[in-house]
Amino acid sequence: MGEWKVPAELRYAETDEWFAVDGDVVTIGITDYAQDQLNDIVYVEFRDPGDSIDAGDSFGEVESVKAASELYSAVDGEIIEVNAALEDSPEIVNADPFGAGWMVKIRAEDLSALQALMDAAAYDAYCDSR
Amino acid sequence: MDGLQPLIYDIGAPGRIGVNLPEPDVPEAELPTELLRDDLPLPEVGELQVVRHFVKLSQLNFSIDKGFYPLGSCTMKYNPKVNEDAARLPGFAQLHPLIEEAGAQGALHLMYQLQRWLGEISGFEAVSLTPAAGAQGEFAGILMIRNYHLDRGEGQRDIILVPNSAHGTNPATVTMAGMRVRELPSNDQGNVDLDSLRAACQGELRDQIAGMMITVPSTLGLFESTIHDVIDIVHEAGGLMYMDGANMNALMAVVKPGELDFDVMHYNLHKTFSTPHGGGGPGSGAVGVNDKLKDYLPGPVVDIIEGEDDSGAPLYGYVMPEKSIGRIKAFQGNFGMHLRAFAYIRVYGDTGIRDVTRYAVLNANYLRAKLMKTYKLPYPRYCGHEFVLEGHFDDVEEVHALDISKRLMDYGFHPPTNYFPLIVPEALLIEPTETEVKEDLDAFVEAMESIAEEARTQPELLLNAPHTAPVRRLDEVRAVKELILCCAPALPAAGD
Amino acid sequence: MSYIPHTPFETEQMLAEIGVGSIDDLFDAVPAAYRFPRLELPPPMSEMEVASAMLAISEANDHAGDYAIFRGAGAYHHFIPSVVNHILLRGEFYTAYTPYQPEVSQGTLQATYEYQSMMCALTGMDAANASHYDGATSLAEAVTVALEITRHKRRKIILSHAIHPQYREVVRTYHQGRDIRIIGDRGRGDVIDLVEMLDENTAMLAIQYPNFFGQIDNIAALADAVHEVGALLVIVANPMALSLFRSPGELGADIVVGEGQPMGVPLSYGGPYLGYFAIRQKYVRKIAGRIIGETLDADGKRAFVMTLRPREQDIKRERATSNICTNQGLMALSASVYMALMGKNGLRRVGELNYHKAHYAADRINQLGGYAVDASKTFFNEFVVSCPRPVAEINQALLLQGIIGGYDLGQNYFHLEDHMLVCVTETNSKDEIDRLVEVLGGLS
């Protein structure tokens, strides 16, 4: 195991987002590894609720002092909610990336794309390899 | 929370004024009261206070006039004083940009000559001086490439290839022009990876390639030894070649990019041609093109409108190229920079301009040869006018390029460029320029050697550096979180 | 060798250290067929020679040092206190570069922060960047910002025809690669006609204040109308006029841009000038260019640093919204020193001098047979005069009398043929104005 938390129940993308499924709603955030690499997160911005999104599209952006990263969805769907609390307190992402630091919820048209993502063990190894 | 120098708003007194103004010599008109502002919250300071304030601020800066400034990719060479005098001549400084052409023949002659000289130096057919900075020159260049393809019915060509070692302005420019970037990897020699380039140009994207942007010598300071192949591959795919001229200080009278078959390039007059960097600008861009693109240049450009008159002087005037991408800036460019570049080229002339490059490259290779004994040199070849070192040591993991840079300040030097190019870990990009004397280069080498020693014996000296600069390291997270971007007046308004 | 200090002996020592026989050996990687071309340039010159050559060239220009000048149209001949140039000539300022290393750049950083602060005070906005290239490119960048703020869901940009013609050209050059529509400036419409064009697809509406014709349009209700459809109001303002007139912030602008040249920057045949850019705090992350913020150093001392860096091209690369890197830093310093010197009390007086002199000139010209001043709206230091003859002809006659006349509006506006845009600033004495009136009178 690496030094980063990697919850077993989630799926992971190579661009360091995590995906949690509840019915047809997918919650997305960034991983502990990602927040650690970015260091102090000072800003987040998301697309509007109601926007439709395709897999591979960016749903927002996260910034630290010296870097900016796009956030990507792995599923097609519609953004139904964004975590507005992060706009005022982006540091929550550093403190609790898998909990209070969640970013958007998407009503997915098809969940099968998630199968292509990494599971916890694979993602853990992927982080270690970098 | 005191600073080094109070803010301009924190000094002064109500009613004070820093300038001596005349009384009106005409009858006063009635002011439109309902349209006027109530308050003008500007400082209230005296003339000497203003002088001292800005002189004290100036003393907190490092500058070329103060010391060695090897900031890679920025060409921090000496800015000749005579050029500053020239720029302040009333015939230049007080010349209105919308004066009739007949009343600006001196300025137009100067711009015409500068266009020709820049064209000659880089082997291009035509030059426009209008871009206000290198980045704007890039933008003009990419728009020209875009419109060239559009006119040929190949509007689908919207991909610009950019090596991963490129300046950030290159990919940003492509996006600004509404086109797409495709990044290319570099090989272990620091050159563009030809296999990847071929794959991009000969694969399914072939018909979408609009062109490629490349810096020569590369941002690693290396002359791309396969440059011919690169150019041929892109041309064969129907793309055009853009040269980022940021590193022209390594090429003058050594090779003409136009002869290498580049189609377009920009010049940085504030780098290669010695116009001052001004604490962040003004720059001046200029863009040169070959026959394919000359009708697309941003305008206006200067041309001879009528042949020689009785006095032997031609009449110069402005022309908008036939298919111009348009006007990229109001008026005709940063003329104040044009005249300085003109004077600079005039000083070196035909026999001297190559020496600029020769000695810039000599100085860089001298530093490289000396410093490679202490620091890791990722590309062990002769360099151009700059070279990159890795700013870390395998045996002292906690020390980074940034720490070395900060420690250099304590030794009285400006740090090199940090963390660029992105493809070298812990990059320190060092560019000495031709105007530095050997003893200053030697002193820099000694400082770098001492720092390498300190990294092993007293790393905290580096980690906490600088120790002697006006301030210590800054809390950049706080700056973003608090986001204090302007100050309000601290003084009570007069009469309160 | 001009600015190259090497002695032959040193050169030899350095070559020995590198391990090559000659400097030219260092260029082996350059294809031999193209190496060391001959350049057709004039021969070298000494400093003495170059100084006199530059003087000779400069004297072949008709400039405001030799002529009374009544031309503005986006570039203004104002008084510049001596202090400005002396501060500008400090090598510590003009031979430094971008303050990437804040510990040794506090001078530039604090001066720029003060520039931002004074620009905010003048425009009534919350935040300003460290500058764009000029007023025109500032407006072009404002379009990008408006598109970003409205998340690229809106495609209509409304520009008043009374915005500087060259600024509108530059906006079109900048945005030719985008799928947007730029409308509003083809006709002669007033502000009220622009309001008609507003809809849910509008990202921004821009007007100039005072407009290109020197006039203050009635824009009291404009901001509400623009905001009602969710668009942004952009005001292109002459900072000198803001010494007197209500700030764009007070009038509801979301973005204020313009040419900073009137504040301490010489005419210099069109550049280097200074594009200022100010905005409401809530939009500050959307703007391009450098922004300086206050913070503390490791000892808790107040200091300044470039902030919101991830917006910029060197970090964000192809995802950046602008490629701007080098800006007009030294000109921002000029404006800072100028605004500090003039200050609250002086700038207002300079504004009033402009206003009084322009109105004196307008009144006198209006009394001349054949000339008529457009007095339909309040104006600041420029006004439109309809003339009895082609403007070019009049200007030629004025030149012979040592006067640079107004701008020929017929060049840009068909309906304003034989109309001259006359500019009068604090630098124009009553004598000069009287002379202008006299010569014009003789041409009616």
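Letters are used for the chains, namely A, B and C, taken in the order the chains are written, and counting of residues starts over at 1 for each.
Everything that follows uses one rule, which is that contacts are C-beta pairs under 8 Å (C-beta built on N, C-alpha and C of every residue); 3 or more make two chains touch, one makes a residue touch a chain.
Being a predicted model, the structure only gives us computed values, none of them experimental.
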Key: Innermost chain by mean C-alpha position   = B
Remark   = Between A-C and A-B, more contacting C-beta pairs sit at A-C
Note = Whole-Å distance, C-alpha centre of chain B to that of chain C, is 19
Euclidean distance of C-alpha centroids - chain A vs chain C, Å = 43
Request  = Averaging only over C-alpha atoms, locate the centres of chain A and chain B and give their separation in whole Å.
outcome  = 38
Query = Mind pulling the chain A residues that touch 2 or more other chains?
reply = 43, 65-66
Remark   = So chain C residues touching two or more other chains come to 315-316, 319
Task = List, in ascending order, every residue of chain B touching at least 2 other chains.
result = 476, 480
Inquiry  = For the complex, give me every residue of chain A touching chain B.
reply    = 40, 42-43, 65-66
Task = Show which residues of chain B lie in contact with chain A when the two form their complex.
result = 476-477, 480-481
Note = As the complex stands, chain C meets chain A at residues 151, 285, 309-311, 315-316, 319
Ask   = Along chain A, where are the residues that touch chain C in the complex?
value = 43, 45, 47-48, 63-68, 70
